[in-house]
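Per-chain numbering from 1; labels A, B, C and D assigned in written order.
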Amino acid sequence: MMVDLQGSPDDRKIAIDQVGVTDLKYPIVILDRLHEKQQTVASLTMSVNLPHHFKGTHMSRFIEVLSEHRGEVTMRTLPTVLKQLKAVLEAESARIEVRFPYFLERVAPVSGATAPMDYDCWFIGEVNGGSDDFLLGVRVPVTSLCPCSKAISDYGAHNQRGLVTIEVRGEREAEGHPALIWIEELVAVAETSGSAPVYPLLKRADERHVTMQAYDNPVFVEDMVRNVASKLQSDDRIAWFRVEAVNQESIHNHSAFARIEWKRPSV
Amino acid sequence: MMVDLQGSPDDRKIAIDQVGVTDLKYPIVILDRLHEKQQTVASLTMSVNLPHHFKGTHMSRFIEVLSEHRGEVTMRTLPTVLKQLKAVLEAESARIEVRFPYFLERVAPVSGATAPMDYDCWFIGEVNGGSDDFLLGVRVPVTSLCPCSKAISDYGAHNQRGLVTIEVRGEREAEGHPALIWIEELVAVAETSGSAPVYPLLKRADERHVTMQAYDNPVFVEDMVRNVASKLQSDDRIAWFRVEAVNQESIHNHSAFARIEWKRPSV
Amino acid sequence: MMVDLQGSPDDRKIAIDQVGVTDLKYPIVILDRLHEKQQTVASLTMSVNLPHHFKGTHMSRFIEVLSEHRGEVTMRTLPTVLKQLKAVLEAESARIEVRFPYFLERVAPVSGATAPMDYDCWFIGEVNGGSDDFLLGVRVPVTSLCPCSKAISDYGAHNQRGLVTIEVRGEREAEGHPALIWIEELVAVAETSGSAPVYPLLKRADERHVTMQAYDNPVFVEDMVRNVASKLQSDDRIAWFRVEAVNQESIHNHSAFARIEWKRPSV
Amino acid sequence: MMVDLQGSPDDRKIAIDQVGVTDLKYPIVILDRLHEKQQTVASLTMSVNLPHHFKGTHMSRFIEVLSEHRGEVTMRTLPTVLKQLKAVLEAESARIEVRFPYFLERVAPVSGATAPMDYDCWFIGEVNGGSDDFLLGVRVPVTSLCPCSKAISDYGAHNQRGLVTIEVRGEREAEGHPALIWIEELVAVAETSGSAPVYPLLKRADERHVTMQAYDNPVFVEDMVRNVASKLQSDDRIAWFRVEAVNQESIHNHSAFARIEWKRPSV
């Protein structure tokens, strides 16, 4: 029989917060709001804690647990996967981070032309003893047009691609589960907080529309994060959020950014 | 006179934690342990907070403040830069993140052949009202050889490049400054925690030496973070650290990792 | 009616080789060797030439053509997509580059445990007047163990993850189509050219097996590209190839590489 | 004495085009046009060919040769480094690729405020038997404003950061050296081919200036590459160029691009 070094004792008396696998590519299935399944490709990080008296972790078990569930990695299945990781790896806490491109069919504002557009999304699920955590993140490209540039110039205004990143945690519902928040909802919050949405396919009538929409609706990065914050604060399902906006400035070789983190005050 | 939109009031009553510039490339000078100056190229993020009643920040002032100090960005000059940012931008807090490659001349273990090797490093400095913070980070490549693979095989053992990332905060000294910790010291801590150091230039006698050194000294990612943790805990100057080790597994297409965060208990 | 600037004449007398869209993310379906469809996510570059007398291209048409075919982007459908691009954009040449992760179910060598593993792949299709071109590329991670390190050391040998990149063009068959070469075949060529294959899931018996397999089979980067070259030269379907091997050296912070480009001599 | 495996014979009869080191970080000194030295950090690829009868290359010699010349890697010193690589590695051809950020002090158009701005640059030098080659590349960020968006909208126009990449080879002068072309000259060619230059530091009067400059000067990606091509074709020192422009479209999540490659016709 082969020696099990990982299972042997360790006497340095130092516990490890997280140990596991990272940069693992895996095909996954996501449920979208229209209750259809979307197949995509994820990059995963999976870990457990390691008590101070154990020497090592059995890394292959992460892949085995994932393989059992490969049909679906969603907010609803993550708790089961996490419980299984804890059991199989004899750990007190387990954590999974899943990053993936997610596609939504977008409709051009005037012509009605449609095409899929990609959004970088991520879930982070964690169980630690009896408590658990779930975070949803979305990165949404938007157009941002500079209010200062518009105000001080006789004509025109610099604008650029902005990236709005929103991460949320849901309030706990009666039965203890976090409130369900859809990727589609966060995309809408971000898109209505910039100068204009970004589209995969625009015909000329659409381009005219978004050009003037952006000019009519100038925002600083500061405005974008405040607009997002204001909408999320007024949504009772949101317990916590972090929002960041980054403008890939068209007049500079660096970017401008703003960031707000917020937790709903307990009543 | 041109309108100052950024300076106009805002009534959404939402303060912003950080607003500023990011992905800014800048030539900087770092002091190394031998008290010589090292010229390198940094990527910077600079930000301040924005009280809820101000609409925007004057982004160009970040660059202006940086330009005044361009000769030097070090643990000793950062407090001055941060104070100036607070003053010039009328803010309560300011934060600077500086990431740069840093070179150390390395000597091969047998032949004595020397060449410079690069280490990714970063400083994060922050002032917030009367308090301040300083964090130093270093990423160090090492060789890691798998103890399990060695133990269960008749010969050989898989090994790979591992990356050990250490971030530290220093204990406060009598006059309130954080204790000075050198990049060179953290590199040494990381390199003695893997199976063997990594070198820029090895002749055949050196390659023989490091091959056998690694085989004689197998470590899991778990061992690497514990080895680092143990050394830092016994160094009285360290108030807090976070250490992460990532093995770019030579037998897998994903990586293994481990992570420990620690704060010195108050006496 | 809105002005069509792109369609207006240009008098600089400078033709453009390629004009189009790049960094376009799109969900695609690939046919795999077992004749099943694999859904994945691609990054696309699509372009046409632009004669000197035209001012601009209608970029939205690239997305429209792609959307018509979104069900499938394969070696067999690419010619149709390219022909349509030429027609719709009134161009003489058209080119598509499709990059995507592709998953293969891999079986561990001793335990038989299975899990999917990802391979970066790409197609480049081009039509130019009456002629056409098709290139298939695959990047395959392998284990490489250094022959020099093994030969000069009393025990052990440094090894690391190596990346073998193969690009091929097929010989023309009777009816003019390039010979069909499967991703699965190029993966096999690469994996049998390193010291040992890389797997997504290995149990301890498997780890023992691949550790000793790699030690028994040391290769330089030079050997890896020659091994691949030798196999491809003896495969009559191959008209041209380029192979590159990169070793992420476990004893250095830089990589070693080798590269061969070859064209079958005409008879 | 240790065995020299790399120097042993190989009987597969397959020559290798390039073998060497890549992703090597190294501090370098560049000569700028004002004849001052600029210290920066390079990423290098260095290689030689390998005749079919040799088994391997002595990789450490690349680092040794580089170390001898570390004070300077320029168009004028590269030929010497390449000759030395050929000699030390007993090869017929040698090739060096050096990529580095290069800083130029930029002056804001109205306020005169100055700050350094970074440009990604590269040299590729090659000797092959008696012939040699030298290529200079520069990537320059610019503002590009869409002519179509301006023409079809009642007000405003979408604009964005564009990246103009220029690579050139110089004509041979009387004594056989390629004509000297400065990074500063290619930066100027790129910046005058977009809608407006991009600056590191702009005060409000400057922002007003570049906003209107861009609006007055709309360009498609097609125009940008043609503008660059036209300037380079009329410069007798240029023997060959490749120019690419990529617009990070502010209304899309993908980019638009155009590309021209050109060789001066022999007289």
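Definition applied: a contact is a pair of C-beta atoms (placed from the backbone, for glycine too) under 8 Å apart; a residue touches a chain by one contact, two chains touch by 3 or more.
All values reported here derive from a predicted model rather than from experimental measurement.
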- Contact tally winner between B-D and A-D is A-D
- Message: Need the most distant chain from chain A, centre defined as the mean of C-alpha atoms.
- Response: D
- Rotation angle for the CA superposition of chain C on chain D, to the nearest 5°? 180
- Task: Quick one: report the Å distance separating chain C from chain D, using the average Cα coordinate of each chain.
- Result: 26
- Note on the structure: Rounded to the nearest Å, the gap separating the Cα centres of chain A and chain D is 36
- Task: Could you put a whole-Å number on the gap between the CA centroids of chain B and chain D?
- Result: 30
- For chain B, which residues are shared contacts with two or more other chains? 2, 24-25, 118, 148, 152, 200, 202, 204, 208, 253-254
- Note on the structure: In the complex, chain B touches chain A at residues 2-3, 5-6, 10, 12, 14-25, 45, 47, 50, 55-57, 59, 147-148, 151-152, 220-223, 225-226, 229-230, 233, 246, 253-261
- Item | For the chain B and chain D complex, residues of the former touching the latter | 2, 4, 24-27, 39-41, 60, 63-64, 66-67, 70, 101, 103, 113-116, 118, 200-205, 208
- Task: Report the residues of chain A in contact with chain D in the complex, numbered from low to high.
- Result: 117-118, 141, 143-146, 148-149, 152-161, 196, 198-200, 202, 204, 207-208, 210-212, 214-215, 248-254
